[in-house]
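Paired with chain B in one complex and with chain C in the other, chain A is shared by the two complexes that follow.
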Partner chain A sequence: MYNSGKIIPGIIIFLAIVTFPFWSNAGKTNVKPEPKIDTPAIQQMPEGERKCIESKEFMKAGHMQMLNDWRDSVIRGGDRVFVSSTGKHYNMSLQNECLRCHSNKKDFCDKCHKYLAVKPYCWDCHIEPKENKS
Partner chain B sequence: MSMDRRDFLKIAGITGLLGAGTAALSGRMPGALEAASTSPNSNALKAKQWAMVIDMRKFKTPDDYKKVIHACHSIHNIPDFGNPKDEIKWIWTDTFEHTFVGQEHEHISEAVKEKPFVLLCNHCEKPACVRVCPTKATFKRKDGIVMMDYHRCIGCRFCMAACPFGARSFNYRDPRPFIKDNNLKYPTRMKGVVEKCTFCVERLDEGLMPACVEACKDTKALVFGDLGDPASEVRKVLRENFTIRRKPELGTSPSVYYIVGGGENAG
Partner chain C sequence: MKMLLPFVAVMALVAAALMAVNVANLHFLFGVAIPYIAFAVFTAGFVYRIVKWASSPVPFRIPTTCGQEFSLPWVKQNKIENPSTATGVIIRMALEIFLFRSLFRNIKAELRDGQKIVYGSDKWLWLAGLAFHWTFLVILVRHLRFFVGDVPMSIAMLEHLDGFLQIGVPMIYITDGVILAAIGYLFIRRVLLPQIRYISLPADYFPLFLIAAIVVSGILMRYIVKVDVVGVKNFTMGLVTFTPVIPATLMQGNGAWFFLHVFLISVLFAYFPFSKLMHMGGVFMSPTRNMINNSRMVRHVNPWNYPVHVHTYEEYENDFRDKMKAAGIPVEKE
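Right after this comes the complex of A and B.
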């Protein structure tokens, strides 16, 4: 092989750089994000009714799709009331409804969004609540 | 280093398999909610075409203007940049000459000439802004309101060029630092979108009159109602008074009407 003196160290350096994220994180435990749901509004709900508007599983996987649908429904359709699958009525508003309970954006929204490195642009316009931890 | 065709194909094959494997691992969409549905608010105000009559006879002191403009600009988080170049305005004032272009003449009464006229988006029946928007970010609702969907606005400003009334403002800068008191119930806008008066859809949808109309409800300087309903208050005011609209010759058919008044409101 010609130039093996250069090629082999080259390959080794290349591999070292490419695999850097793996070995630099090796051994560290990667903590799963735990979004907090201990806000005053949620604490005040009676024990049995302490639920989000839909099941936790659905909200976890589908809240972004739901917010998109809400946006179209409110702005383009003028429908502002969401009737959940259990028949309850909610005001379709990120700022006034979701955040009324989840008033802890830093410990709720941001937890998973940071972990997954997604940057939703909701907060460019929708005003995030003043963190009111108590 | 030389490689024959066979080796090349082998490597290409392995790379392809790896790629397909990664793609299969990612992406699994959650199921949709079947039982959920949406509906309008039960006390939402409805109309065929919302319209407004601006009774200029009722605007007498600077305060009459201020309270109307403040009502709108404070609840809608309108920034104040302090310079006319970046200005954002939903409701503002201008001279007769600029408001009713072509209607001015040299013998017009001083009182009318000097008087500031109240301006806002006309929620035209045939809006020029809607025709040109390439993304349908601005559109006409069923009740005639010309609405903005900021999520869709790409900031091309075609609508600003098309609107003959200067009703639209562009966010050249991030408005957030320039909003004095945030109304936490209403969003702000971001840099790069166009905004304008929305006839307070968010209030109508909850059964409330527009903020500016409510601010002057003692004098009824602004009358709001359904143009499609002969019994509505706007239709009554239009029947009983002589009214004009801005630039009707352009064919956009504005839904904002003016009672200009004469010299009786001088001083």
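Right after this comes the complex of A and C.
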């Protein structure tokens, strides 16, 4: 091999870059985030009615879309009434409706958002809940 | 045919992945085994190709010179286009690698009025190539958020900048649109220009189609079919910590899209060392770009020169002195 003084360092740099995910995670364990739904408001609900406004699967995939639609509807259209797929009426409000039950932003919203480095801009305008840390 | 074959190949790969996951339940094979194999083939193949290239001697300085070389003090040297120092070469290589300097020189020849041939600058290929490579890099780096436990600021920043336009939720990435447009241009160029179509081979179309399929499957997962992204990270982190897990949420419904995405990327990785995509490593080894033009200052010895057995005149005379004297030929030593 010729120019090994340049080729070998080059190959080492290449290997260091491509194996970055492996060595940077060496010794770490893979923990899946579990958002908590054990807030007082949820626990007060009767067992059978402990449901979000839509199904868990729908909320998991579509909550951001829904919040975005809500914002457009409230801010631009002035319409605050949300009719769910089961026909129930809800108040379109992040702080007054969503956070009424999910009052634990740190253990609920932030769990997955931090995991995936998602920074929603909800709190650019809304007031972040001050959680009672005991 | 040259276009149809790679298209059918990519479609077959897509069908194979979807079938394997939806019908045959081969999640482990397509999600864990194949990616690991592909990564091993990629790294080993890449290093092998580089070492093989490095084994070819480059005995002469063959820098292509695009400017005045170093000569007399009062002749102004072009220090980057015709470097006589290592710094100059590093700047030239950086321009080549980051900005595709050579491609910027791209010229188009055209026949005008039937007979007259004219040459004009043609920057579209350079622009599309640059857009394609840079967006691909940004997308690749952005994906590190799935491969690092605590996502560092720099990756989060890059992602934030990519979603800078704040269109829709989840925010549309600028790179998603740009890479589709760039791939589109690079493909259409091959199809519409007769000369380019003539020299295009299946090996040119295949990576284009494959990368397009990867991009489209990624875009679908993010904006349309909504694959469980927490499950995806759980899965990828399992791969990089060598404790593979396949979350239940990915085993059902639209999780197949994720396995399709992973499989196509695995194919790209495994295909990489055998294909023209090796220009990623090769660009660093372009002899016409990475050599200092110092032929007139430094002696470069041909590496395959071997010691030649020389029979000097003195030895010759020693061998034949008597015969030479007898024939009356003058000799140097009596």
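Basically, the second predicted complex is superposed on the first by the 125 of 134 C-alpha atoms of A that agree within 3 Å, B and C clash if a C-alpha of one lies under 4 Å from a C-alpha of the other, contacts with A are read in each partner's own complex, and residues count from 1 in each chain.
Keep this in mind: a residue touches a chain if its C-beta (ideal position, glycine included) is under 8 Å from a C-beta of that chain, and two chains touch if they have at least 3 such contacts.
Nothing here was measured: the structure is a model prediction, and the numbers come from that model.
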| item | value |
| --- | --- |
| Touched partner set for A:Arg76, first chain B, second chain C, both or neither | first |
| Touched partner set for A:Asp124, first chain B, second chain C, both or neither | first |
| Contacts of A:Ala41 with chain B and chain C, given as first, second, both or neither | neither |
| Touching partner for A:Lys32 - first (chain B), second (chain C), both, neither | second |
| Which superposed partner A:Ala61 touches (first chain B, second chain C, both, neither) | both |
| Touched partner set for A:Met1, first chain B, second chain C, both or neither | both |
| Partner chain(s) touched by A:Cys112 [first = chain B, second = chain C, both, neither] | second |
| First (chain B), second (chain C), both or neither touched by A:Leu15 | second |
| Footprint overlap on chain A, where chain B in one structure and chain C in the other make contact | 1-2, 7, 61-62, 65, 121 |
| Of chain A, residues touching chain C in the complex | 1-4, 7, 10-11, 14-15, 18-22, 24-25, 28-30, 32-33, 60-62, 64-65, 67-68, 112, 115-117, 119, 121 |
| Partner chain B, residues of chain A touching it in the complex | 1-2, 7, 54, 58, 61-62, 65-66, 71, 73, 75-85, 92, 95-96, 121, 124-127, 129 |
| For the chain C and chain A complex, residues of the former touching the latter | 39, 42-43, 46-47, 50-51, 54-58, 144-149, 151, 155-156, 159-160, 166, 168-170, 226, 228-230, 233-234, 237-238, 240-243, 245, 247, 281, 284, 303 |
| For the chain B and chain A complex, residues of the former touching the latter | 1, 30-42, 44, 77, 139, 141-143, 147, 149-151, 182, 184-190, 201, 205-206 |
